[in-house]
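Structures given as structure tokens follow.
Two complexes follow with chain A in common, the first pairing it with chain B and the second with chain C.
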Partner chain A sequence: MLLLDLLLMLLIAYGFGFLYYGLYRNLSARVHGRFGPSLAQSFSDSIKLFVKEESTTFGWMFYLGPVIMASGAVLNVLFIPFLNQGESLQGLSSYGNLIVVLYLMVLGPLGNALGVGSSGNPFGVMGVTRGLTRLLALELPFYLAAIGVMIDAGSADFGIIMQAQSTQSNMFAHPLLFAAAFISFLGFMGKSPFDVVGAPQEVYSGPATEFSGKFLALLMSQSAMFSFAKLLLMVNLFWGGADHLGELVAKTFVLFVAATFIGSVYARFSTVQSVEFLIRIPTLLGIVGLALL
Partner chain B sequence: MDEGFIPYQQSLEDEEQSIKSTQSVIEQAIAWFRAHSMFVLAYGTGCGAIEMPPTFTSRYDIERLGVVGVATPRQADILIVSGYCSPKTLKRVIRSYEQMSEPKYIIGLGSCTINGGMYWDSYNTIKKLDDFLPVDMYVNGCMPRPEALIEGFVKLQEKIRANSSEAGYIQYRTRYAHYRANQERLFGTQVQPRYEENFAGMNL
Partner chain C sequence: MFHFEATLLAHLFFGLSLLVILPLLRRRDLVLHLLLLLSLGILFYASSLATLFIGWEMMGWSSYFILASSARVATLQRYILFNLGGAFALLGAIALLYGFMGSLEYRDIDASLLPPWAMNAIALLLFVAVFVKSGIIGLHDWVVDSYSEATPLFSAILSAILSKAGIYLFIVMFMVLLKEGATEPLLFEIMAWLGVITSIVATFKAISQDEMRRLLAYSSIAQIGYIITILALMQGFALEAALYHTLIHTLIKLLLFMNIASIIAITQKERFSELGGMIYHAPVLFLLLVIGIIALAGMPLLGGFNSKFLIYTALLEEKRALLLGAVMFSSASAFLYCYKLVYGIYLGQRPQEASLHVSPKSYYLPQLLSAALLVLLALLPSLPVGYLSVIGVELGFAPLDDSNLFILQSAFGSFHGGALMGAFGVAFVALLGLLQLAHSKAKKVKDPLDISYCGEVPRSETNLHFGYGMGYELHRISFIAPLLRHHSRVLWDRLSLIASDFSALLSSLYSLSAQHVTLLALLLFTLLLLGGQ
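Presenting the complex of A and B:
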């Protein structure tokens, strides 16, 4: 039964991750004054890439990189409960808590660095360096907000954190912590102005430069699932989770559209600028939010 | 009755239809996904490059067809050679094409790729791109408008869905000696590594 539940969670994360990515392409096309591709475009892309020939080889670590990233994304999806009540769609959340999830979130970038590093492609390495530099600054405000939420609920368990929000969600109870986490979340989602990692016109595809065929498809799939996991995390920590699947879809959709629109109107920071911004504003908001608890 | 352009075109289309009917459902589905997700490596060799930005941006928005630009040959399905090629450029074009993973296709954009166009008697450009690389779809004109390029993509989609064994990348494998001989005749001793080493052991 648990196995079936886990499979269902992965399927939902995969499906909605790609649907949201299609929606992102569509919405940003509308912002540009275009029509954009169909919603299902990302599915076509990933299936095409899965049946495409693999042409590059840089040793086993190169292949292991995307696998480590994918396992990070899969574990993240499984450790975050989808719903705040009932038995179904809880995954492995009873075996882990928020601290485990925050720890697992770093696994992806680490796998990426190992894989890309062995390819020796300068654009890939530049992308990874940018990513890890930004990650240092991203984690600080997000961890501050997470610590605030944990102190408020008196526990690191997702169930208890969501239960504590039954009268008032953390977004309204602790707006400063929410602001800090939301800005950091924009960066985790790779949205402008923090999209320094795979920045087109600067480092080409960044870390993905040398990946082709099945491994590129794996990277795309894990990125879609990881995005859904991050949406889930924000919904659980600040919006009180969801009672049923419909509410979950509605909440993640609103959060995603907000992130997409903010990402569409801002120009990209340079790496140094993004680190400086993240260390100054959201971190400060997080510290003040913690002090007001 | 049987001569002329229209009957010839009809015979080509009939051939595509007959190939399609012999495919299994899975093959057809994969071909459909391939046709609706085309990653393009735009190699701006000549003046044709100027028609590509409007094709990809708001005015003509080719992303509607699932066509997006990518930065590296590793991820690309389609190589657009946009205009005339000098031997020096052609070397890089061939190198880029050989780095792409299969299935891969080439679009020759502009008259220069067909017969040299206005550079027909130039001493330092090639006349016919198809002698050196297998071109899947030509878009003629000098310069072809973005509408023509979009039409080229639509025709190429049909060709990909037909999943024909005549596709360029299969030709490049099976008739490599022909392409290589032409490349060597042009480049002399300064040639790139032999591509066929990449598919040693494959059933050609």
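Presenting the complex of A and C:
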């Protein structure tokens, strides 16, 4: 039964991940005055890449990098509960908690960074360096918000955190913490202005530079699932989770559209600008939010 | 002979010392290393303050003599000056305690009899001793220099075990002997923030280092900073978190320093700018280092996460939100130096001229041992909790729950180590199988320079390994740059100038002419006469 539940969770994350990926390309194209590709374009791209005849590799670590990254994404999906009640779609969330998930989110990218580094391509490692430098400031506001949420609920357990929001969601109870976390969330989703990591015009797509064929297909698939996991995390922490699948889809969709629109209209920050902005504005919001707890 | 209430604590620290030092014993400086081990035994198993001080001093001196075989004179002077400063502070605290208690035996000490001013003075003096040994920022210069100039094996001992002496001293003094004392809570508050500020500054300093052992030295300072912060809470669960982190940090640093010792033996190089691309020459060492850095970064799936989890939940339980935010910030920043360590040595392009030697086989043993323990602790995170809990109970704190070895419990939630590892293992194998079964075949690139390079073709002399310089952009970030620029050595240099000016003034008294001496004697005589009246 648990196995079926886990598979269903992965399937939902995979399906909605790709749907949102397609929607993102569509919506941002409309904002930019273009038509954009069809909804299923990203999904068919990934399948096409997966069946390509040849994929370049630089050795075993390069081969394992995307596998570790994708395993990290799978774990994120499985350790965050989809619903705030009942026994279905809870996955392995009772075996972990918010702190575990916060660290699992970095595990995949760090594993992939090993693969990127082993290719010997300087653009790849430039992207990784940008990512890790940005990360040090990106995580801080999110951590502050998460700390506030945990202290408020008296636990790091997802079930208790969602239960604590049964009367009022954290978004309204702690708006400053939500604002801090949302700005970080934009960065986690790779949205502008915090998308300096894979900037194609500067670092040649950064960490993804050398990956092709099935490796790129795996990276695209995990990215879709990972994005869904991040949406899920925000919904659980600040919007009280979801009672049923319909509510989950509605909530993640609203959050996703908000992030996409904001990402479509902003220009890209440089690494230094990202760090300085993130340390100044959202961190300050987070600190004030914690002081008001 | 040694029966005081924290015997299990002594067992833990001495056990760790044996674990670190025994595999590293070599014919060279054997006696001094054994002396060091003996001094640690005396320190940890002391039952009086006099014995404790003798152990402390012996430890300092024996490590000084071991260090003397490889370090520069300036480094040695710095080492001994800082450590003597710490030892004098400890001696001062012991003297004050003796003044009030009339005994140096642990069992005779009753801190509730101490007036607040004396308790605070003793606490301040002990803080100096602990902070010097732990390399709290401002007092850390000796740590970085001696770690990077010791022999590679002794660096491992310095970082893995000797850096913990300060932690032990703090626990014994404040959580056993002076527990009832009326120490001003503000002092512990300052200590908590000093610990976390140390870990943040040291983390940024670590990122900007080009030398492997200097990076790890700063990393050690940062990790000890967490322990100092958590100990300052003076709570049972915080003590257990601190002890767990001590255990994990000992394993990690033994693994990482020995890994670097192997790399130094193989390449004869110490800088990231001269290394790179070692992964396919030394794959086992690469995997061992990866285990080390994942644990150091505190990721789940390796033991490093367990102690981080306990530290975070201890801070949550005390509702220390800002302190926890700062600790987590430092911890997230550490990912950068962890990646730099593995990239600079093993990844990227291999330098051209490199000739390689063979690493001694014996260097692998401590690494394999540490790696195995880190994996075991990830699977069974509660394994050491029973022991740590007993220590906590001995010191008068509530026990922790260790009923299921797979589950690490805390007041703010728990996690299942086996489930985490199992889920990751299944996902990893399934995805690897999927990639293997794919129609697409992986074609290995023959020439390492055959990379996507913006439409150009890099040549063998093109510097493609400049990623070792990661972290230099930190100098452009306005709030980090001053931390990297201001060096505490400037402060100490100024202090030493003032000291030498003052001693020059004093010495001039001895080199005066006969007339001046006579005049001075007359002046002194007159003063004495006036004083007598």
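The definition used in the following text is that the second predicted complex is superposed on the first by the 292 of 293 C-alpha atoms of A that agree within 3 Å, B and C clash if a C-alpha of one lies under 4 Å from a C-alpha of the other, contacts with A are read in each partner's own complex, and residues count from 1 in each chain.
Here, a contact is a pair of C-beta atoms (placed from the backbone, for glycine too) under 8 Å apart; a residue touches a chain by one contact, two chains touch by 3 or more.
What you see is a predicted model, and the numbers here were worked out from it, not measured in a lab.
Colleague: Chain B versus chain C on the shared chain A, clash or fit?
Modeller: Chain B/chain C on chain A - fit side by side.
Colleague: Using the superposition on chain A described above, determine whether A:Gly213 touches chain B (first), chain C (second), both, or neither.
Modeller: In the superposition, A:Gly213 contacts both chain B and chain C.
Colleague: Is it chain B or chain C that touches the larger share of residues in chain A?
Modeller: C
Colleague: By the touch definition at the top of the document, which applies to A:Val196: first (chain B), second (chain C), both, or neither?
Modeller: neither
Colleague: Touch check for A:Ser55: first (chain B), second (chain C), both, or neither?
Modeller: both
Colleague: Report for A:Phe35: first if it touches chain B alone, second if chain C alone, otherwise both or neither.
Modeller: Once the two structures are laid over each other on A, A:Phe35 reaches chain B alone.
Colleague: Does chain B (first) or chain C (second) touch A:Ile12, or do both, or does neither?
Modeller: Neither partner.
Colleague: In the superposed arrangement, which partner chain does A:Leu231 touch: chain B (first), chain C (second), both, or neither?
Modeller: Neither partner.
Colleague: Quick one: is A:Tyr204 in contact with chain B, with chain C, with both, or with neither? Answer first, second, both or neither.
Modeller: Once the two structures are laid over each other on A, A:Tyr204 reaches both partners.
Colleague: Between chain B and chain C, whom does A:Leu89 touch in the aligned arrangement: first, second, both, or neither?
Modeller: Neither chain B nor chain C is touched by A:Leu89.
Colleague: Give one of first, second, both or neither to describe whether A:Ile147 is in contact with chain B, with chain C, with both, or with none.
Modeller: second
Colleague: Nearest CA pair across chain B and chain C in the overlay: distance in Å?
Modeller: Checking C-alpha atoms only, chain B sits 6 Å from chain C at its nearest point.
Colleague: Identify the residues of chain A that lie in both the chain B contact region and the chain C contact region.
Modeller: On chain A, the residues that contact chain B in one structure and chain C in the other are 51-56, 204, 209-210, 213.
Colleague: In their shared complex, at which residues does chain C touch chain A?
Modeller: Contacts found on chain C: 277, 279-280, 283, 286, 290, 294, 297-301, 305, 308-309, 312-313, 316, 319, 321-322, 324-325, 328-329, 332-333, 335-336, 338-339, 342-343, 346-349, 412-416, 419-420, 423-424, 427-428, 431-432, 434-435, 438-445, 448-449, 451-454, 464-467, 470-471, 473-474, 476-479.
Colleague: Mind pulling up the chain A residues that touch chain B in the complex?
Modeller: 25, 29, 32-38, 41, 44-45, 47-49, 51-56, 200, 204-205, 208-213, 216
Colleague: If we count contacts the way the header does, which residues on chain B are in touch with chain A in the complex?
Modeller: Interface residues on the chain B side: 30, 33-34, 36-37, 39, 57-58, 61, 63-66, 70-72, 74-75, 77, 99-103, 198.
Colleague: Contact residues on chain A for chain C in the complex?
Modeller: The touching residues are 50-61, 63-64, 66-68, 70-71, 74-75, 78-79, 92, 95-100, 103-104, 106-107, 110, 113-114, 117-123, 125-126, 128-129, 132-133, 135-136, 139-140, 143-144, 147-148, 150-151, 154-157, 204, 209-210, 213-215, 218, 271-272, 275-276, 279, 286-287, 290, 293.
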